[in-house]
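Should a chain be cited, it is by its letter among A, B and C, assigned in written order, with residues numbered from 1 in that chain.
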Amino acid sequence: MTSTSTGPLGDVVLELNEVTIHDDLADNELVHGVSFTLRRGGVVGIVGESGSGKSLTCRAVLGLLPQHIEVSGGTIELLGHNAAALTPKQWTGLRGTSISAVFQDPASYLNPSIRVGKQVQEVLRVKKGQSRAEARRGTLELFEAVHLRDPEAVYRQYPHELSGGMLQRVLIASAIALEPDVLIADEATTALDVTVQAEILDLLASLRARTGLALIVVSHDLAVVAQLCDEVLVMKDGAVLEQGATRDILYAPQHEYSRLLIAEHEQYGLERYLDSPAALPELREEELDYA
Amino acid sequence: MIKTVLKLPSARIALVMLAFIAFITVFGPLLAPYDPLENTAQNLAAPSAAHWFGTDYLGRDVLSRILAGAPLSVASTVLVAGIALVVGAIPGILSVYATAVFEWISLRVVDTFIALPFLVFAVAMTALLGNGMVQAMIAVGLLVSPLFYRVARSATLSVARSQYVEAAVLAGATTGWIVRTHVWSKVLPPIAISLATTLGVGLVVISSLQFLGIGVQPPTPTWGGILASDLGYLPQQPYAPLFPTALILVTVLAFNLLADAIRDAAGESGRSLVGAKAAKANRARRLAASGYSLTPSKEHA
Amino acid sequence: MPEITETGERAPALAVAGLNVDFGRGRSRKRVIDEVSFEIAPGEAVGVIGETGSGKSTIARSVLGLVRPAAGSSVRVAGREVTGLSARELRAHRRTGLVQYVFQDPQRSLDQDLTVGHSVAEPLLLQGVLGRAEIRDAVRREFEEVQLDPALAGRFPAELSGGQRQRVAIARALITKPRLLILDEPVSALDSANRVKILELLARLRSSQVALLFISHDLGSVAGVTERTLVLYRGQLVESGATAQIVNAPEHPYTRLLVGSAPTLSAGSIDRVRRNELRDELHPAG
């Protein structure tokens, strides 16, 4: 089996069908049936609290479930591969090249004692077999692609010299270095300032528009997910409470919990004060594609 | 936490062994069948009904000497650990709260102690202060104290920087209040682990000193001393060193078991060891019930 | 002492005037708070909004006496000047409990080895005025005040949910009947359901006379419970006004950037082009 990045299925890159996840230590089911289909250039959002099963679902898709926790039912099909049939070695081949991820705390995913450029360059050298010079050039191009202002300078810096937003850009650069088909952003903007969050969300949207990257955006904040996604899953306690087009969930939420998420914004967020929501320009993709 | 410790079988075994050692330490001299210094007719006699462990090169009863030597060997170990605890742990906690000058000086002193070799320092101390057990114990206690200093300091540091301590400060707490209310309970378990370990190490060091004749005068029986004299008569009694060695071994083993048990009870490691077995069973039960196969069908696109 | 005459019910809960704070010494000295002045009336709820490095936490720490402001700064809590107090005076001032602080993460701000009842009682134990029975009653009242079952007082933090723990932390802050309560991102460590409940609880507190000072990096997270908002940028107060006005008609370019970047349900954040224009407006040279 080879891990070709363009599967014969064409449009669909990831398909989950009634996936359940079981914790063998506590002997209980943590995720009770998640299904969604992710197409090339598509964005699926998952909203939920910590413990809702959203991160476990992502880890299952990445083949990175913690010890004693397993997919106990349903199927995950990643680029035509049945995830359950993959050996650890095949998983290693797929991660990065077909699917990759960025998480909440960027600093903990980088080695503090190695310059960030070298860490990204290493990905290209090891996984793509590029020479030092090629990998360096590739890394600088990636840094440019994630809108780091001075790629040459960032390349030579250590993680502690960069801000949280810059580190997250570096990690996104590293995640897209091998041109994966699917990128998971698991609370990737949660720890960032609002203005920086807006920039990272922009970056993800522009990557998707430019390269056809499919995204899974996970957040506890419905507004973040709503900004990027076509389809949203609302999860709580391991169950999908509501699933559908973003617009439907925002304007006609069926489940009480979805209504709570919306009420939180309307009562205590900016929405409480906004006279006319239309005053803020709606995000249009063309404007983001400034490449 | 004491309850959790007692649940572990290793801790129970350790406590039984320590109870035995404590018993012979307290009652050993009274139980000794002979005067440990009295010479009998037979030198280097084999074990017999009269002399269970035989007699040594001067014809003294070995069992009596071991029993009579227990208080000096074990008590000095306890004293060494006690000295180390007081000299190490208290400055360790204080170093976090006292002035920067105290912190700097105490850190340098501790570094110095760590750099000094054990036995050489003990020999030098006894040469300086006279060849007595107390001098030797002070020397060893001082040298072991950095362990307590570091353990106490690092535990205190992590508590001192915590938000609940800041909350107490913001409510007007003094340093004494913070140590009593918040620090003690976090510093105690790691110190207990160090104490158990130190008691084991201390006995080995004390016995080594006795073996070398530092700190004790020859006729006084000690476990290390008995071992030393036995080694001189190996051709006649090859089994003789086994008796004192076994006692030293049992004591050290018991203390180490106890230290491990405390660590397991205080941390995650104990729970996860128990958990792994349960997880395997749960998994097997689930698979059997659902019929879901983990060896997946070989078909794929 | 002149303070006493001012320490009436009518004195502002907090009056900060010409606050300057410097970090570092000599050549590496850096001004992190630059001439900040504001007042909070009793019972008022005010948000201080600023991003990483804006100095919002430094303002809170100055009010709490954890940071020493530069000479000439004035911080008055309920009419009492708190800058320049000696360690002993500061401790005595803190024991009065006039100003209290709620941390972001209750998991870390409660001692795991103390029962939550003990933690809530700690400020009263420190005051040393009330007897055991009275303190127990006070703890029970405070548990009810934050809608917690008083029977939970004997539990340890690990046995409570995140929302319950934050209620415990708020109860600990309220037990001394403070005039000013400073809350540092009080809901950002909680999940949605609990965020709403804690915000409801805090909104209810406004009917009592305690003044609330919310510190947050995200205007959206506390906008609903504040009537006034101060926007802090690089140690300076760049804009202040009614929260509704700040949200709807922000004036300063930074405030516009901040409000525009926050995603809302009805609209995404403002686009990159607009953001860059605002950034250029903020720093014409760079």
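Simple rule for what comes next: a residue touches a chain if its C-beta (ideal position, glycine included) is under 8 Å from a C-beta of that chain, and two chains touch if they have at least 3 such contacts.
Because the structure is predicted, anything quoted here is derived from the model rather than measured.
With centres defined by CA atoms alone, the chain at the far end from chain C is B.
Two chain pairs, A-B and A-C, are compared here, and A-C has more C-beta pairs in contact (counted per touch definition above). If you average the CA atoms of chain B and of chain C, the two centres end up 49 Å from each other. Taking the mean of the C-alpha atoms as each chain's centre, chain A and chain B sit 52 Å apart.
Averaged C-alpha coordinates give centres for chain A and chain C that are 33 Å from one another.
Along chain A, no residue makes contact with two or more other chains.
Residues 49-51, 163-164, 193-199, 201-202, 220-224, 226-227, 250, 257, 260-275, 277-284, 287-288, 290 of chain A are the ones touching chain C in the complex. Those residues of chain A that touch chain B in the complex are listed here as 1, 7-9, 22, 24-25, 27, 68, 70, 72-73, 77, 80-82, 84-85. The touching residues of chain B, when paired with chain C in their complex, are 162-164, 166-174, 177, 181-182, 185-186. Contact residues of chain C toward chain A in the complex are 51-52, 191-193, 195-196, 199, 217-225, 243-244, 247-248, 257-275. Within the complex, the chain B residues that touch chain A are 275-276, 278-280, 282-283, 285-286, 290, 292, 294, 296-301.
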